[in-house]
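Several structures are given next for inspection.
Two complexes are shown next, each including chain A; its partner changes from chain B in the first to chain C in the second.
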Partner chain A sequence: MAYSNEVRDSFSKELDGIREAGLFKEERWIKSPQAADIEVEFPAGAEGKKVINFCANNYLGLSNHPDVVEAARIGLGTRGYGLSSVRFICGTQDIHGHLEHRLTEFLGTEDTLLFPSCMDANAGVFEAILGDQDIMIADRLVHASIVDGMRLCKAMRDTYKHSNMEHLEEKLQDHQDKRIRLIITDGVFSMDGDLAKLDEIVALAEKYDAMVFVDDSHASGFIGKTGRGTHEHCGVLSQIDIITTTLGKALGGASGGCVSGRKELVELCRQRARPYLFSNTVAPVIVSGAIKVLDLVSATTERRDKLEWNTKFWRDGLVKMGLDIKAGDSPIVPVMLYNAKLAQDMARDLYEEGIYVVGFFFPVVAKGQARIRTQLSAAHDQHHLEKGLEAFAKVADKYGILGKSKKEIKEMYGL
Partner chain B sequence: MSEKCSIQIELPDDLEASADNLEVLRTVFQTIITLSRECGTKSNQELQAMLTDDWQVHCGLTWSASAQRGKEFETATGKTKEEALAHLRQMTCLHEMDGCP
Partner chain C sequence: MEEYKKAILEYVIKEYLEDDEDEEITYDTELISGGIVDSFSMVSLKRFLENKYDIQIPDADASPEAFDSVDKIAALVVRFKQA
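Right after this comes the complex of A and B.
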């Protein structure tokens, strides 16, 4: 079909609709490495502005760590830029095997398989291991990539209310006639920063003969005493059947993901997972950097401990000044504003104050749950946090919401 | 092009036909026409082509349900209407919100 003016117009109208709905996403160009202090060009063509970054997934501050950059440089020199192949033809180097082995050790599992991203891991894993006699039972707030993976799988699908263990138990009872029951959850949920109740989920899985799947992308490297993830935090290390996670957040922040877990399940992914079979291998430069990241996080918990301290300082500061935040311990700290326009306006004003944050509102989060999601990093020093809190206090005061309850904010601004 | 032929049946005034009743009636007539017209024609060729390629094929009548909200679209099938809608409901539950990356 020719790309006629009529066709062009129809696509343009769709884009106009996205703009009119206030959902148009604009990229901001960062003119520096990822860090606590970054330089941003926004809008396009504007002079670069130095801001403190509170919206990256750079939890451990390793995205531009000199040792990681140097390891990547060495990898580039010794193993080259690319492999021009999928893994199973001629795209597997020794370092891919080493990284998979290191991830297995770190996550406390039996085996690991790298994917180009965790999005790809989630898209491929269910179809590879489940059939039409099986049931997937997912928390209703799992990541979008899991939803896509479930759609690609022939197994039956069911859901349970977010973190509601009574509802999950009902569902497990309902599906005792299925061949395999797989409970599916995020480890840390990216919207609210809350943790899955993995100890209770594992107990239910044992009671009702089910397997457990966890996407630990927002946890690997820093949740748990030694940063192994939500399963360590909940005391169920080695009891999770399948973990997917990313190298694109705390673990260096470049790209790449993996499926880690029971060796037979990982081997089935190696044989059948289509994103693994039909995507290029993870580039040697990333693999080399990621091995160094695991060296760093395995040698000391210093960065993870600093992140924990930063998180507590930040949460305490926001609460003390009278802002409404989602309770919890994770470095994802949503500042609740409820009204979409208020979230957008405050994010814009904070940017003017040198604080880079983003407002989230429906349909990204539920209606009436608009917020600014802040994310902490071990790269933040106390002065970054103090400046951030100062800016939040100033902007929140401008909008008159300091010390206001959810009800009061809703009365002032509506939903 | 010849004019399409359709059958219109007047239902008694006192018959309270539900949407389900009407759907069943529509499906029954569609099935009769399908079976009488399609045997040994193109559908058999399609079936044969798949069997030749070693596919095990099952083709039968089932309930299908679909839900649309803006650009979001989900479909589900089931042996019963209840089953189809239950499967559909579970998929729509995963659209409570888009979620953050």
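Right after this comes the complex of A and C.
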């Protein structure tokens, strides 16, 4: 079929529909390395604006750490730019093996396999280990990449209400006739910032003979006393059967992900997971940088401790000024606004005040649950947080929502 | 029919609404297109209908359109009860 004018028009109309629904996403060009202070060109062609970044996954501030950059540079010099191969043909260097070994040690598992991203890890892992006699029971708020991975797997699917252990228990009882039951959850939920109750989940898994899968992308490197993740925080290190996580957030922020866990399951991924088998190896420069990141996070907890302090300061500040936030301990702090337009308008005004945040609304979050998701970093210093709080107070006051409850905001702006 | 609708609505509220949710669901509320029930969670609804009403709903009939409101689900149950 030729790309005729009619075909072009039909696609253009689809794009118009996305714009009309207020769902059109525009990229903002950042003209500096990732950091607390960044320079942004927005809208396109505008002069660069210096803003404080409160929406990066740069939790530990390692995305542009000089030691990581230098390690990446050395990797580039000694192992080259690319490998032009998938892993199992001629794409595995010694450093890939070293990084997998280091991740296994850090996560407290039995074995690890690198993927080009955690999205790829999640896309491949379920299909590699489960069959049509098995059941996947997922928390209803798991990340989109898990949903996609579950779609690609022949096993049956079910869900439980978000973090609702009674509901999960009912589902485990319902599915006792299946060969394998796999409980699937995020460690830290990316939109709400709350932590999975992994201690209770592991206990239920033992009671009902199930396995546990955790995507710890928003936790690896900083949740838990030594930053190993949600399983450390919940006291269940070595009891999670499968962990997927990313190198693209706290652990350097470049790219790459992994499946880590029981050695037989990891080996099945090495044999069968399609994103591993059919996409290129992780580039040497990324692998070298990630090994240095693990050196840094294993040597000291200084950065995750600072992040913890920043998180508390920020959460306390928002609550004191009278904003409605999702309670929790993680550096993902959603400011609840419920109305999609209010979230967009406030994010725009905050940008004018030099604070870079983004409004989230349906379908990214449930209808009537619009919010501005703020994210803390160890790269933030107290003056960044103070300026951020000042801006939030000013903008929230403009919209008259300080001290207002969900019900009151709903009455003022609708859902 | 009314009896089916009542039982289905009760199940939908118990199974799909979070405890702190103040959303109201009626017989014609859009469940799938309204974002209340996602496609994965439909599985438990289908299982509930099959067990409660002793019917078998083929996957082809358990479409998001057919499950999009309590009204439509009740109509589906009636159709399979009669079959």
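Note that the second predicted complex is superposed on the first by the 415 of 415 C-alpha atoms of A that agree within 3 Å, B and C clash if a C-alpha of one lies under 4 Å from a C-alpha of the other, contacts with A are read in each partner's own complex, and residues count from 1 in each chain.
The rule is simple: a residue touches a chain if its C-beta (ideal position, glycine included) is under 8 Å from a C-beta of that chain, and two chains touch if they have at least 3 such contacts.
This one's a predicted model, so the numbers in the text were calculated from it and none came from an experiment.
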| item | value |
| --- | --- |
| Overlay on chain A: chain C relative to chain B, clash or fit | clash |
| Chain B versus chain C as contact partner of A:46, first or second or both or neither | neither |
| Partner chain(s) touched by A:319 [first = chain B, second = chain C, both, neither] | neither |
| Which superposed partner A:140 touches (first chain B, second chain C, both, neither) | both |
| Chain B versus chain C as contact partner of A:327, first or second or both or neither | neither |
| Contacts of A:90 with chain B and chain C, given as first, second, both or neither | neither |
| Touching partner for A:159 - first (chain B), second (chain C), both, neither | both |
| First (chain B), second (chain C), both or neither touched by A:15 | neither |
| First (chain B), second (chain C), both or neither touched by A:363 | both |
| First, second, both or neither for A:7, with chain B first and chain C second | neither |
| Listed stretches 2-10, 38-46 or 74-82 of chain B, narrowed to the one that overlaps chain C | 74-82 |
| Intersection of the chain A residues that touch chain B with those that touch chain C | 138, 140, 147, 150, 156-159, 362-363, 366 |
| Interface residues, chain C side, partner chain A - complex | 18-19, 23, 34-35, 38, 40-41, 43-44, 47 |
| Interfacial residue positions of chain A with respect to chain B in the complex | 138, 140-144, 147, 150-151, 156-159, 190-191, 360, 362-366, 373 |
| Residues of chain A that touch chain C when the two form their complex | 138, 140, 147, 150, 156-159, 161-162, 164, 171, 174, 362-363, 366-368 |
| Chain B residues touching chain A - in the complex, by the definition given at the top | 87, 90-91, 93-101 |
